[in-house]
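In the two assemblies presented below, chain A is common to both, partnered first by chain B and then by chain C.
This part shows the complex of A and B:
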């Protein structure tokens, strides 16, 4: 996908097309890529989830579309406005929601009732305009944290931050993490460890794991946001660092890994910037229970939701490699899952002193 | 073992038996005529008097004006006055009509009318007398300035009038008609089965009638909606199909015909010489037999033979249905509905009696809850709804097919009006509260209801489509302003112009553009719903 850095022309074209339809007394129709599983495919060559070419039609005279139709044009218009402001001003997607939220005259209905309504419309515009939220100067809440021997510069703020000298909170990964906003000054790390849980990240930071093992430790606090995924992507591509991912041994943890690795269905149009196909899965896996002699009583019984999701994972193309099929089948067979924190049952430092070092040393990865 | 002493002999017991008068019978069994409780008693008295007043005025072809007053004298004691503008009653007949049970002009004739047995009004007199000891007061004038006044009771043992007072006065007005005053026990209420409801329904089914009701809670006037009476019903001879052994026996005794064949052709409707000869032949009787010589065994043979002979149906033009105009005007004036429709079924025959069903459906507007209004010969039926053929027919209709919410009976804002008229309405009891469920009556009523429901359903689906369309238009219009503003920002085109263009495409929009199926017409509206009728 070619990135269009100034999408103003496309936004205008979107408006022109609608006006043209109206002038011809036609039902105006906005065409948008379908952002759903049915319109995504696994690009084997790039090992990424990509967006297909199916288009959906959002028309004014379709009662199910009218409100969304208005919202789409409102977001497009606001993006154009934001682009025309000074280049270094950004707006949060929550701000955008409030900017556009107003009561429709003569009704008790708002143009947008919740941020959950405006966020997907922004993604629609991104996908339709071949542009990115980041290029529209829209940012989300900062979510991810990084610690380790990496110095980054943020030109707009005229700062340099050494991520090894930021104490217990580490470096907060900005929502917009593009080369023009976040630059790598120096790095001494040899690999990147991405952990699902903030609690584990805290443990590894406190134990100076990154110092001992010369690495960066990142957490996205659950499913990592776009900024964190972009950071992982750039650390791998620009600094050539291997990426190791550590999550709970459950279907949700495995999916977090898969999103980091090959992108998500929802944001498949931007997988090449957010996905890191070379990422490796380090753990946990349910087989670790035997391998590391983890007490059975810290495992959690699978519930119906887990089993249903497991069946779905088994069907995703990107979970087809044999080791993954084996792991998910094994999980279903033993009927339990495992949280990262459960390793503390052996010893509070078991994860940083035994588990991770051994896994890394043995290169005991899943693809 | 001790033998039980014999206390009475058969002879002694026979000595105790005696004829009881019909009045004595009523004294003990007043519930049979509906006087089961004090609330209902007041209603029945009003009903009997009003029914008589309407029968009399209509028969005299006078537009009815009825004055009704119910006044509480003391706790559970009421004075009821009913005055009409009918032809009045000739002096000699007054005591017999009001003071004798089962004295009447209507029992032996076959003509559509409200009263049938000659029991109702004298029972009202008897009930008053039994509960308060007070006589009924009757004023009657046949016009010409003279008013006859009677105060009378009923001699229960003899079933004869007992005149308490009698006088004649000159009237200052040219009033003619009858006024009756009762003083009786009762309780006045204004609930579903009340005098008020009876008056209201009477006003609906008799929209050419004007009723003033001076009730304990105030004076109400039910104005007439039309100034003409329905056509007059005709009197007919009985149809032989419905005649049973006993009646035949009596008729044979009463006839002036000389031969059996001429008895059939003169005493019954629609029997010609051929049919008469046919009956005689099938019964194995000589057509020349003198009617008085026909034996009981012969009568049984005749009844059997009648069933084998092909009979012409009775004439049906003798009935007087209200007709669509009156049904609809009556419903409109009292209920102010949003929509009203009606169906008059062609006449049909049960057991040899012609009858006819009319259905009216009134929907929405002033109507807020479902109601069933049953009428027999224009008289509202307020009690025993569950036992009535009309109710059974209503529950037999699948209302939902017609887009009308229902749980057996409709549940929406709909009033169902059903009128059955006949020369002889088959009631389930003497209190005339429910129509008997003859299969053909059930069938005709159900067909009428279905036809009317189809018309209502067409109206409702049209309305739903219009509402649906209007709602769509409102939605499209609602989002036009913001859409136009956004387009102005994107393209520089002026928002006002864009709003106009949006309104234009919206106004030309067709339902197929809306992206969803418009509501279907109710299925029943598309194809006739002649579903199999349950014959039981």
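This part shows the complex of A and C:
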């Protein structure tokens, strides 16, 4: 996908087309890519989840569409207004919702009831305009953290931060993490470790894991947000750093890894910017229980949701490689999962002093 | 409360007493302060919520206590072990849960089922030992952010950070924010603005509100965690900075303010360290809708939960000052609440360029 730096023209075109339809007394019709499993495919060449070319029509004179049609035009208009502000003003997707929420005069109907209504409309516009939320100057809550020998510049804030010198909290990865907002000044790390859990990240920071192993340690605190995924993508593509991912040994952890690696179904239109196909999976896997002699009593019995989700993962084309099929089958066979923190049951520093160094040294990865 | 730097002696005493009881063939009995509304009072002199002197007994030979008795000793023992580690090792309260979770041999019973079981036990030990989680070397997830002309040193991490030079994310306030872990090197701010919402904090950071108004801007992202409340307390007590709080105009926002100001019922044993009685409330209040001509359609109708909670607030002694009684009554009369982001409905920069400057200039505070 080619990035359009300034999507104002496309936003104007969208509006012009609606006006033209109205003047011709035609039913205004906005065409939007279908963002669902049915319209995504796994691009084998780029190893990314991509958006297909199915289009849906959102028309005004269709009672099932009218509300969404209105919302789409409202969000598009507000984005255009935002782009016309001085000083590269950005706003949060929560603010956008509040700006647009109002009661339609003469009715009891609100334009939007919840932020859950406006967020998907933003994604629709991104996909339709071939643009990005970031280029619409919209941001979300800051979420991910990074620690290690990387110096980062944020021109808009006129700041330069050395991520090895920010104390216990590290560098907060900005929600908008594009080359014009976040620049890499210098780097001495040789690889990137992405850990699912904040508690593990804090352990690795406290133990100066990044210093001993010359790496950057990142956490997305659960499913990484777009800023964190974009940071991982850029560290790999611009600085050529290998990416190793560490999650819980459960279906949600494996899915988090797959999203970091090949993108998500929902945001398949930006996989090339958010996905990092060369990322590799370090652990945990259920086989670690035997391999590292982890006490069985910290394992957690699979519930029905886990089993159902595991069956789905087995069918995703990006989990087809044999090592993944083996691991997921093994999990179903032994009937348990385990969380990263369970390694603490052996020793507080087991993860930083034994588990990760051994995994990295042995190159004990899953693809 | 006098801070005990090293609570190992008290932890040992707790264990010794249980051993002594067992040797005397007595029912082991741990005495714990009752941490509930019934055992808290508002200390008028210090204007803080304080813990009373009611004690509860947690005995081993009482089927309703046995499990909690075991959990209490397990947590106490693990804290002692942690304090004996080299290098001031800290761990997260989530890790602690995992370290202690196991199946009791010969049974199907787990020591702990959820972290929700271990967290209150930690608080029990804090209250009983007259110590603090921070001094037990336990931390939680990092949560709050700070931006402004404050330089902070974290000796343990050998870092020094200028909170005005950390880009879009600001300085992440550590979960353990004690004078030995976080030191103030220099400060040029004249007051502190605490905002409930992250989106508002981001707006104020982007607009360099802190620069124009020579202040620090802090957000706890909802209810501030202990680290953030301790930071606010220390900025006021050590740097003599006035504290102004900005929340939604709703019962939860007002409660957040009251917790920042006089502490909480649950953590009443540390109010003097976490509360800041001199904090003042800048807004929002429901009267702002008229005063600032905020469009009515961004107000939100009170639900039954809001009304019930408002009635409770009216009865708390710390909401007895007339301006608060008036505001809560006004809210019930007009029947609506509103969120901070609703100010964006006027203009994206209304909050930073109009609302806050006017409130501060007019000293339009609630006590």
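Going forward, the second predicted complex is superposed on the first by the 366 of 367 C-alpha atoms of A that agree within 3 Å, B and C clash if a C-alpha of one lies under 4 Å from a C-alpha of the other, contacts with A are read in each partner's own complex, and residues count from 1 in each chain.
One rule holds in what follows: a contact is a pair of C-beta atoms (placed from the backbone, for glycine too) under 8 Å apart; a residue touches a chain by one contact, two chains touch by 3 or more.
Since the model is a prediction, treat every value here as computed from it, not as a measurement.
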>> I'd like to know which partner A:172 touches here: chain B for first, chain C for second, both or neither.
In response: second
> Of the partners chain B and chain C, which touch A:90 in the superposed model: first, second, both, neither?
Replying inline: second
>> Applying the document's definition of touching, compare chain B and chain C: which contacts more of chain A?
In response: C
> Touch check for A:16: first (chain B), second (chain C), both, or neither?
Replying inline: first
> Which holds for A:59: it touches chain B only (first), chain C only (second), both, or neither?
Replying inline: first
> Which chain A residues contact chain B in one complex and chain C in the other?
Replying inline: 102
> Taking the complex as given, what residues does chain C use to touch chain A?
Replying inline: 82, 85, 89-92, 94-95, 97-99, 101-103, 110, 139, 141-142, 145, 152, 154, 156-157, 159-161, 165-176, 181-182, 197-199, 202-203, 205-206, 221, 295, 297-298, 339, 341-342, 344-345, 348-349
> Which of the residues in chain B end up touching chain A in this complex?
Replying inline: 472, 475-476, 478-479, 481-483, 485-487, 489-491, 493, 498, 501-502, 504-506, 508-509, 513-516
> Can you name the residues of chain A that touch chain B in the complex?
Replying inline: 11-12, 14-16, 18-19, 22-23, 25-28, 59-67, 69-70, 73-74, 76-78, 80-81, 102, 104-107, 109, 111
